[in-house]
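Please go over the structures that come below.
Next, two complexes with chain A in common: one pairs it with chain B, the other with chain C.
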Partner chain A sequence: MTDVTPIRTAAESAILSRFPEAKASLPGTPAVATLREQAFGRFVETGLPHRRVEKWKYTDLRSIMREAAPLAGAPSAADLAAAKVLLAALPDFGAANVTVVNGRFAPSLSDLGALPAGVTASDLGEALGSGHKLVVERLGRAASADDSALALNAAFMAGGAIVAVAAGVAVDRPIALRFVSVGTAAATYPRALIEIGTGASVTLIETHVSADGIAHQANGVVEIFAGDETKVEHVRINAHGDATVDVSSLGVVLGGKAELNSFNFVTNPAAARHQVFFRFAGEHSTGNVSGASLLKGKRHADTTLFVDHAVENCASRETFAHVLDDQATGVFQGMILVRDVAQKTDGKMMSRAVLLSDDATMNNKPELEIYADDVACGHGATVGALDEDLLFYLRARGLPKAEAEALMLAAFVGEALESIANETVRETLEGLVEAWLKAR
Partner chain B sequence: MLEIRNLHVQIEDKKILDGLTLTVNDGEVAAIMGPNGSGKSTLSYVIAGKPDYEVLDGEILLDGENILEMEADARAAAGVFLAFQYPLEIPGVATMTFLKAAMNAQRKARGEDELATADFMKRVRAGAEKLGIPQDMLKRGLNVGFSGGEKKRMEILQMALLEPRFCILDETDSGLDIDALKIVSEGVNALKSPDRAFLVITHYQRLLNYIVPDTVHVMAHGKIVKTGGKELALELEANGYADYKTLAA
Partner chain C sequence: MPAVQETVEQVRAIDVDQYKYGFVTDVEMEVAPKGLNEDIVRLISAKKNEPEWMLEWRLDAFRRWQTMRDPQWARVDYPAIDFNDIHYYAAPKKNAAPKSLDEVDPAILDAYKKLGIPLREQEILAGVQTSKVAVDAVFDSVSVVTTFKEELAKAGVIFCSISEALREHPELVKKYIGSVVPVTDNYYATLNSAVFTDGSFVYIPKGVRCPMELSTYFRINEKNTGQFERTLIIAEEGSYVSYLEGCTAPQRDENQLHAAVVELIALDDAEIKYSTVQNWYPGDSEGKGGIYNFVTKRGDCRGKNSKISWTQVETGSSITWKYPSCILRGDGSRGEFYSIAVSNGRQQVDSGTKMIHLGKNTTSRIIAKGISAGRSNSTYRGLVSAHRKASNARNFTNCDSLLIGNKCGAHTVPYIESKNATAVFEHEATTSKISEEQMFYCMQRGLSAEEATALIVNGFVKDVLQQLPMEFAVEAQKLISISLEGSVG
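Up next, the complex of A and B:
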């Protein structure tokens, strides 16, 4: 490091000065406290990520977060009531709910008594303090990258949820992990630890919600440890309000002969950054990481992937669709790392964007880093307007412009949605896409 | 029905239609024949409202109303239909979804109620059966992976379902096998009516044995250079376009 003292932004200074007081009341064993200190040290070194940090090139948190919103406190009764209202507007997946409000486990808004057999859910905040086995063994293991957004979460996490699926259980109902930000504009650092036992299968719906017009700052981390022969469908719906800045990190460690799909859907927040750290830890597994961002106004959505083929014989598919209108910005950065041991890796990454306005921007940066010699990997990226000839064909049949475009865009996004195996979930997302297109 | 007066059209500074004048009356079947590149498809696109073209002069009147200022979808709702020379593939848009959207959009534009699903299904099934289109094709993406002939049949199915007043068939016969040519022609003939007119663009006299034209126009260098009865098609088949190429130049 150089000895130049970095110039702190107002937001950085506020975050730096609040930690000493905050840490005294944040939960955790001495080991967790040490982890917080280390993470905070990392933040002291780097500050908020900005455009000169390669991985954050297109999402400059320093300029997006001019002020640091105050830390959210534990939710009041009024907060919980407000959360209930926001949650009621979410699509109904017929799921068993596990809810986190302002970064804290909210049992009163969770279906703890009605979880499917083999599924347990508990308070991560409590677990941090009690030295829970999963915290000791897993916390930070799927998302331990030295990324400063992640570091901030580790320093300030107040709690969240632990979800465990017992080995061999085929969970018959989706589990919905719902993260809510309520009250005045605040910073939340929710966290979830999910462990899926050998041979189990489950559908996880992760939703994030806040009201429009309130400048919340959410920085959540979800870690999924899926054992051997598991089958996991994970769909994340970012339904944050239109003034919220949402930074999220998903860490996945996938065992052998397993299959995991993770889909991220964004339409509404002012700015969103979703980073995925996906590690293949066992052979003969398949990982699908995909998503769709439909953005209008001045919204910004960034997806940054790091897929780590650390073992042989795994396949990964990354399929992303962006629909960008007005002055919206989309970012896709995908890195597939194939380590020297990871022979027979099959990796395909595709990012496609449709620009509906001259002022919309898409930044694509797919990358492959391959150290094994017997692999089949490829990537591609396209950016363009809707095909004028196809539009004319539809309009010549009587479809007005907006309807013709909606039909083509639904088809375009539908291609990315195809990776969702659960039909009900896929259809619900198709409905959300349709609603977005109608409101355009 | 349709009256085109002194139409001048260019694309990217290239003049393609050069003072074209043409009248098609109610109930008439008019055929247009002409050498490759003479501007037949351009004419059909300009009538249907494709935006790429620059109309320098002239008018296109549908029932006395100039349609040149109308968007393609408004023209479709007014009764213009173009069966494309090269129908386009639209991946991800299921044929059924498309057909329903098109039919309902036109109904809506005309102030009519949407079709009930059962009624829609009945019409599509009946239409498809007549044209020998298997049901499972309707479940696929629009025209995606269809053979050349299948695409042409799909165009005629759309025409039958949309019940347009002015139908342009741009080389619908090319790519059709002998049986399909017959089936498609029967489909077209079934739609003939006193208040519907057809503009049939073709290179081959054979189609005109099935869809018998009232008039045959020869197009060369962006204008109609000769008009006659159905015997004109036979004459062209025998002698080619040599005479007309020089005539127009």
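Up next, the complex of A and C:
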């Protein structure tokens, strides 16, 4: 019963009626406009993803998004001031900042003058209209799956940022890409294009922030094109407010002899879906995709991976930790595809979950799809409570229950955090985990 | 396993593309006209002298089926089936109601003999097989004979064809049929509910340990037919039964449909062990012909501390679509699934299991081994879920895939859903080829490449083979080596 078209929900109808009005004011060359029309056409066919769409089986946007928030407008001076306050509360990584407010590039909140040598940042909204080389060559090439969230972003994207790192540059200062939603509840569709030249190395910190209590709807897409022999550390911190629904997609195309780590950390938004489309385009590369989610209340966090081993001799590691309390729901869907040409692939995927309450739910779906024979691929998934024996051991040594649990949980999450090579970033995240455990 | 040399010999002895059971038996058949409509459903019911409620049940299923669409989610690819181009009933003419074996067409008995399934009790006793196994032989749409019925009856065990059960024990059938796999369960199960022709019925009374292994042997013989059998096994409190199922079909260029439903019910402390060696004709190396095996198998651990164990060796069929499942309803119940799926040529396998933990302290174990060779694709698809009330549920899942050659595929699609904090689920899966180090180690000790491969493959599936009853284990091991012929070494 796959081709039954469900009745349009109120949110879908609102989104559908919005595009014809909005498209004239959205930036872009005629080519970009065509792209928007095509993407919107796909959305018309599929609607919001729901339970019956296999890849969205556990995150039913039709029921999560009861209403479609209005499109966010260009940020006012008051919005920018509010954004500044929200940004000040974020952990300080000593990074050079590139900021996007309500889906639009915000130069006044970015350190454009102080970017490290070899790094450039610019307005994607402008680039869409000017036929920028990166837009023409790269837009939509890394996050190219047939997915209605991607289609929605492609149709409605109002802007965002372009970051380019020149070939051969080892950037010592992290680059922070900060996405802010401010003002009344609104829908934002930010996008970022990141190009890292051959032999360059960089640490990218992507943060998403909004205030608690406001039902923003964010649907962001970040595309990273990392060339040969690059070394990239990417950490995404989802610091959205507790009423925000955040759908995000990360597209990665990784060249040969390169290494890319991507980590996603989520604790706060009402519902979050992070999807990663990772493609190995050159041989002898390593990709690590990992993450941690710590959820309480009725929060919902979904991580969905699609790792495409399209060439030989690459290794991928996926390590995820989920801590679920109260009535929270965790979702992990991981797919490793090994194409028939991708001999000597080494893939390992691990998803582990701890349920702290009888009302918490974890849904794990680690998948392997393998067409090459000379490979070593494996995946593991576990779900359970904290080990009673270990807990007893700690308590017998005088630790109160809460502390003993916190110690065990910190170690549990720590395993996933270990994949972050940048020490400052890792320690900051450890601090965030600790704070979450304390507040439990 | 010790039979390494034997395995290699087997492979050598048999030509590529030769399916051992591909012969056709020439029997005069009574065949219903092609097509699927209410009249055919009525005809099947009338042929079986079924009670009125059964006909209604079938018609209801048929009407529902007409509103359904065939499932598209499995990773298998086949042209649309023309359900009106199939005979839904085919029975040997001489088999009106045989009182004894003497009335059964000798050609059929010969066919079973050729398959290595002797149906005459004295032959069985004469030591053809090492231990006694009661057999229900199903030939196309009807059960031709059930052996050792009297001896089983002494223990109170009912073992007969489901048509006979509908006549002799309608109350039992009415109570349990469709209670595990509801009429509306899925497309093929609903089709089966409308047009099922025969199958086995087993009832083990309270406290009885079934004195011998029970077995059903399914044979598709007639052209353009589909086989739709229905098996129902009920194990009352504290009883035990081990049931084996085997299947073969002639070698034909066309595809034939086999859509069965198997329902198992285990009450308090009962145990059912269900083993299958599935060897339907797989089609030739180009993918021509072969059986579409679309089967719904489900066991319901209804009672406390009951246990259902599925063991399957899948080597045949051009397409396999089956997920033997366990509903762990009773507190302390246990489900097991052991599977070996071997695919070669252009076979497509999408198989796995569901372990649905509903009761407290329920446990389950899944061991699935897939071996893909040639241009085949094999998918493990499984669900392990814990309901909110399933405190202390435990599951361990292990699926390993072995790829032989680079034109085949092995896939794993597990779903693990937990709604209970005390439930502990562990899942692991690996995919690899035969490691060069293992090969080197074996060959260094004087084994040829062929022998080494056979040894490693046998070791790979050992966990599952150990779960099979003795007679089946030997047969299964041979089957695996034959299925891999042309790819091993």
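A few notes on this one:
Here is the rule we go by: the second predicted complex is superposed on the first by the 434 of 440 C-alpha atoms of A that agree within 3 Å, B and C clash if a C-alpha of one lies under 4 Å from a C-alpha of the other, contacts with A are read in each partner's own complex, and residues count from 1 in each chain.
To be clear about the criterion, a residue touches a chain if its C-beta (ideal position, glycine included) is under 8 Å from a C-beta of that chain, and two chains touch if they have at least 3 such contacts.
Given the structure is predicted, the values throughout are model-derived calculations rather than measurements.
Per the definitions stated earlier, placing chain B and chain C onto a shared chain A by superposition produces no clash, and the two fit side by side.
Legend: residue contacts after superposition of the two complexes on their common chain; A:389 is shown touching chain B, with no touch to chain C.
Using the contact criterion defined above for the overlaid structures, shared-chain residue A:33 touches neither chain B nor chain C, since it reaches no partner. Contacts of A:415 after superposition: chain B is touched, whereas chain C is not reached. Measured by the number of chain A residues touched, the leading partner among chain B and chain C is C. Once the two complexes are overlaid on the shared chain, A:16 sits clear of chain B and of chain C alike.
After overlaying the two complexes on the shared chain, residue contacts for A:400 are found with chain B alone; chain C is out of touch. The superposed arrangement places chain B and chain C with a least CA-CA distance of 13 Å.
Counting contacts by the rule stated earlier, no residue of chain A appears in both its interface with chain B and its interface with chain C.
Those residues of chain A lying in contact with chain B across their complex are 388-390, 392-401, 403-404, 407-408, 410-412, 414-415.
The residues of chain A lying in touch with chain C in their complex are 1-2, 54, 340, 343, 353, 355-385.
Those residues of chain C that touch chain A in the shared complex are 68-69, 72-73, 388, 401, 403-433.
By the touch criterion given at the top, residues 48-52, 71-73, 75-77, 81-82, 84, 87-88, 90-93, 97-98, 101-103, 105-106, 109, 141, 158, 162 of chain B touch chain A in their complex.
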